[in-house]
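Would you mind keeping the following structure in view while I ask a few things?
Chain lettering (A, B, C, D and E) follows the sequence in which the chains are written, and residue indices restart at 1 in each chain.
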Amino acid sequence: QEKTITIATEGAYAPWNFTGPSGELQGFEIDLAKVLCERMKVKCEIVAQNWDGIIPSLNAKKYDAIMAGMSVTPARKEVIAFSDPYAAGLNAFAVLSDGPLADMPGTGETYSLDSQEAEANAKIEEIAALLKGKIVGVQGSTTASSFMESNFKDGVDLREYKTTEEHNLDLTSGRLDAVLANATVLAEALGKPDMADAKISGPIFSGGVFGFIAVGLRKDDTELKAQFDEAIKAATADGTIKDLSMKWFKVDVSPRG
Amino acid sequence: MDYLQLMGFGPNGWGYGMLAATGMTVAVALCGYLIGSVLGSLGAAAAFSRFMPLRAIAGFYTTVLRGIPDLLVIYLFYFGSSSVISAVGALFGAEGFVGAPAFLTGAMAIGVVSGAYQMQVFRGAVLALPKGEIEAARAYGMPSFLLFRRIILPQAARFAIPGMGNVWQLVLKESALISVIGLVEIMRQSQIGAGSTRQPFSFYLTAGALYLLITFVSGRGFRLAERRAMRGVRRAA
Amino acid sequence: MVIDFPFLWESFTTLLNGVPLTLQLTALSVVTGAVLAVLLALMRVSNRWWLDLPAQAYIFVFRGTPLLVQIYIIYYGLSQFPELRHSILWPFLRQAYWCAALALALNTAAYSAEIIRGGLLSVPAGQIEAARATGMSGFLLMRRIIFPQALRQMLPGYSNEIILMVKSTALASTVTLMEVTGIAAKLISQSYRPIEVFICAGAIYLAINFIVVRAFAALEYALSPERRPAPASTADQPEKARA
Amino acid sequence: MRCRRSVVPRPLQQPTSRRKPVPDPAKTPAVQLSNIRKSYGEHEVLHGVSLTANEGDVISILGSSGSGKSTLLRCINMLEVPNAGSVSIHGEAITLDQKPGQPPRARDMRQVNRLRAKAAMVFQSFNLWSHLTILENLIEAPVYVLKRDRKEAIAEAEALLARVGIAEKRHAYPAHLSGGQQQRAAIARALAMHPSVMLFDEPTSALDPELVGEVLKVMRDLAAEGRTMLIVTHEMGFARDVSTRTVFLHNGVIEEEGAPAEVFENPRSDRFRQFISRDH
Amino acid sequence: MRCRRSVVPRPLQQPTSRRKPVPDPAKTPAVQLSNIRKSYGEHEVLHGVSLTANEGDVISILGSSGSGKSTLLRCINMLEVPNAGSVSIHGEAITLDQKPGQPPRARDMRQVNRLRAKAAMVFQSFNLWSHLTILENLIEAPVYVLKRDRKEAIAEAEALLARVGIAEKRHAYPAHLSGGQQQRAAIARALAMHPSVMLFDEPTSALDPELVGEVLKVMRDLAAEGRTMLIVTHEMGFARDVSTRTVFLHNGVIEEEGAPAEVFENPRSDRFRQFISRDH
């Protein structure tokens, strides 16, 4: 019973999923996909697909699953199904080290928008006061952009970018005062010399709109969803996901709660 | 990592990947352009036809396909063709994704769009032809297609070649859009590289250089064609 | 596929908000691009290598690289140089709007220059010589004889270019500008219904371009009286016997 | 089909010049025009012209500038579709479709093309194909329309070029030829078609007297071979000496028609008398 | 500047035809060509032609097709820059720059344009501007080159069009005119410039005998006003009766030159004798 499933990833979202010089896919999700497939006892093929066409192509049955750092959102749930989460979405602000926002309150701390709702909201209010009149960049149509829209609607000039590198470039050029993005992706980018002048400022948020990252599946593919759910549950329980997370992100993003 | 190493052909170099992507760009663009030439010349012929319905179809084709975003055409071709083919496949019990090959779809989509532009170029060129020479051909009994092939086409080439060069450039750039249907061409490869290494400039500058290289080579071709087409034309000093 | 009319209508009205920006960017870049293009085309046909060569190089680079790369480099690339960030240009280049307009104008100039050159070359040599023989030359010859004829010849090609510019403004969304395509991308990410949203966006672009096409057809007609059948004889006196 | 027969020419019912020779009913006329009308916009250029050319006829068409000579010639091979009247070539009438409110057009372009290939034309403005060399101009239609063998066509074309005296220009493009050379090339191009009917529109206008003499000699030879020719010309001498019939067009109607000896000696129309008297 | 003077014509040192009238030193010649050579590629068309036209001269240029008549005329107003030799108009020499290995070119285009405006040309192929109506064709250069008042230019243009008999075509485009009408428009366009020198390239080729007579009358009037004219023509009658001097060009050299009475009665060159004998 060697069933084969095809999993799509973006291949350009280091360190979650990215491409090596010779074209081989690498990253947290690639390793995880191999683990999950092994547990599901299926043969897996991982393919790269441009982000813009990733959901339509799933529904057109070009492949069977998506593992591309995709957060579970209500809008996406309208068109596709999600498995149980395999990672939590941690987000943070990055700013210029010598700018006025360099030391926002809560730097170094982590707040869950679900379990620590009151503290988190207090921090958000403090930060909102600081961000008034500032320009903030986010990647368009991500949980970061919905977080900004729901919590910093007025007073902040919000700019949407196609990719995280682009808003990072505008942060270093001074067109932006801050960016909000996935903490693991930011951490990776801040390690490069181009972004030596920038740093994380303010707390890391989790839960709430940031929610979780899960495998995207076709709605009618309930059998496959059950298989993924089971495999992910097991991998979370025995710490496999945590190990992979530490390997790729140096922090633990495994889903809690 | 310095630039040369990044774009080189060593173990950590992206050279082979970029080269392969360049090949894909050229292949898709070339196929699309040729399909477009056929459609464009048929369209131009229809635009000058004696039959009203043909003229109307040609007008509709060029207006709509130039008017809508190219990405929409590609989406419609790709997902449209795959849902049709899947539906047909389902009738025969096939399951899962049955789609036209991505390359074919991409080339067709680009061909259909570029045909609409090429039709305009041809039309303009035909309008510039000396009327008397066409009359002479008619007077010698040339039927429409022969007239088109032997007299109009070679002469129109003179006026069309600069415009055709423009459309070729357009097609080259347009081929970047086919990445949404899963083909890895120069721009998609650069985007992958930029996202994977976080060095966007190295990749986008290289992409620009690769396109320039293609342009340079094809530019020679167009220059030669222009010189050939201009045989017999007297230029005022 | 069931058609969801309320969704289509909602997308359509949302997308309309992007139309003014799309039109502004097109108009701005087409006008400035055209001025630059005329200069470039004149340099190309000048028969002087020191004018021709720079124009050729310009056209080669701007036609030869994708507009996306040009916008990227003008917007993200230039801003990486601290020198530029401290120059008087920064207030302009800081803004995505001007960067996009600049990139679009520089790009269309290169394409239009080739179209104009084709038009200039199509003017029959005999008619140019007739003008020279009366003592016309340089700008006068260009303005009175060559350009009016070249204009007719290049109109179809130039309408192509303007339509392309309308569509190219879509790339402005890569530098955070929310024109029609930018809004469409956003709608798609909220709804994951690319086909429907793109059909709405397509309808808007088609409408704009339809107006462009019609306007050019009207202009072509107006400018080419000599291609039409002759009007009624304007004789206000009957044909005189010359006897 | 019968009902559409009304467009077929009925020359005898048309008001024609009194001197018009009654056609021999045994011979089909090579070209027969009946009651041709042609307008550009509102401006009627031909007001009902009827003309019959029998096989072997050499008809010279005279007339002042703007009288409609070129238009008449162009109506014969349907480069201009007449607004009314009918054209037949070798007895075959060209069927015209006339929809109300629209200009008439030929119904069957295949028929028109077949007939055109038999009736070669030399244009007033030459209209050589500028993208082809002179030799290529000559073999183009024979090879591609008449499907003649290319080698033979070339051999014949070279002979024709030698005959009109521009053999050494055979690989030159038309733009690099002098006016007279272009005109000779245009004549040779028409001859290369072996047409049974020839339509010449001022074929010697750009030639010097010496060459005029030679071209007229070529035409005389052709006439002797029995080809039918319609020649618009300003060469009174040629009209008088070579043509079998002379037609004088004035303001779109035939004012005078007849054997040259007759009309030149004894013109009936004042206008024609005046026209020939100015021949200085 | 002195050192460059060597390009200024020295007609008396050139080997010219023996009959050439010695120019009156008091009068500056209107047009003076000395030792003009012109090649297209390897093919030399003019092999050193010298010619002087004094004010009021009417020079008819005869020659067989391809002998270089049009080329000679085009060298006068620098539409073709001669490869060697010099041109001066009203005593003003056009300075040519000759860089080694390159074709020569006029040094000062402003000078050339000034002189061109004085020397109007009628082209063998008319070259009317196709985007302008006939009336606009006539006023174009007077208004924009000579900066004449537009109203006056129109009034004058209409008078000229009436004179050549195409007044009713003034708002038509060239493409809608017959050959002869185009030629008359081209003549009128040249006359509208009030040129002091006129270059006519077969100005009556497309005209019927009646019109030929009228155009030649116009030219006679112009000659009477003292304009200088160089006319390429195949009208022997005109050459004989109107021109003050006749030049016979053959294969790029002047074979015969002199007063018409003299050369026609008593041709020195065999080639010319043969040429005129064919005038049938």
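The rule is simple: contacts are C-beta pairs under 8 Å (C-beta built on N, C-alpha and C of every residue); 3 or more make two chains touch, one makes a residue touch a chain.
Quantities reported herein were computed from a predicted structural model and do not represent experimental measurements.
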| item | value |
| --- | --- |
| Co-neighbours of chain D and chain C - touch as defined | B, E |
| Shortest chain-hopping distance from chain A out to chain E | 2 |
| Of C-E and B-C, whichever chain pair has more C-beta contact pairs | B-C |
| Distance between the centres, which are taken as Cα means, of chain E and chain D, whole angstrom | 33 |
| Inter-chain centre distance, chain A versus chain D - centres from mean C-alpha coordinates, in Å | 83 |
| CA centroid of chain A to CA centroid of chain B, Å | 37 |
| Mean-CA-position distance for chain E and chain B (Å) | 52 |
| Two or more partner chains touched - positions in chain D | 40, 64, 125, 175-176, 274 |
| Sites on chain A at which at least two other chains make contact | 52-53, 56, 166, 169 |
| Multi-partner residues of chain C (at least 2 other chains) | 76, 80, 124-126, 129, 132, 152, 194-195, 227, 230-231, 233, 239, 242 |
| Contact set on chain D toward chain B in their complex | 77, 79, 105, 109-110, 113-118, 120-121, 123, 125-133, 140-141, 144-145, 173-176, 193 |
| Complex contact set, residues of chain D against chain E | 40, 62-66, 70, 124-125, 165-166, 176-181, 184, 202, 205-213, 234, 236-237, 274-276, 278-280 |
| Chain C - residues contacting chain E, complex | 124, 126-127, 129-138, 140, 144-145, 148-149, 152, 225-227, 230-231, 233-237, 239-240, 242 |
| Chain C residues within the chain B interface of the complex | 1, 60-61, 63-69, 72-73, 76-77, 80, 111, 114-115, 117-118, 121-122, 124-126, 128-129, 132, 152-157, 159-161, 163-164, 167, 170, 181, 194-195, 198-199, 201-202, 205-206, 208-210, 213, 227 |
| Complex interface listing, chain C residues touching chain A | 76, 79-80, 85, 94, 173-174, 176, 178, 182, 185-186, 188-195 |
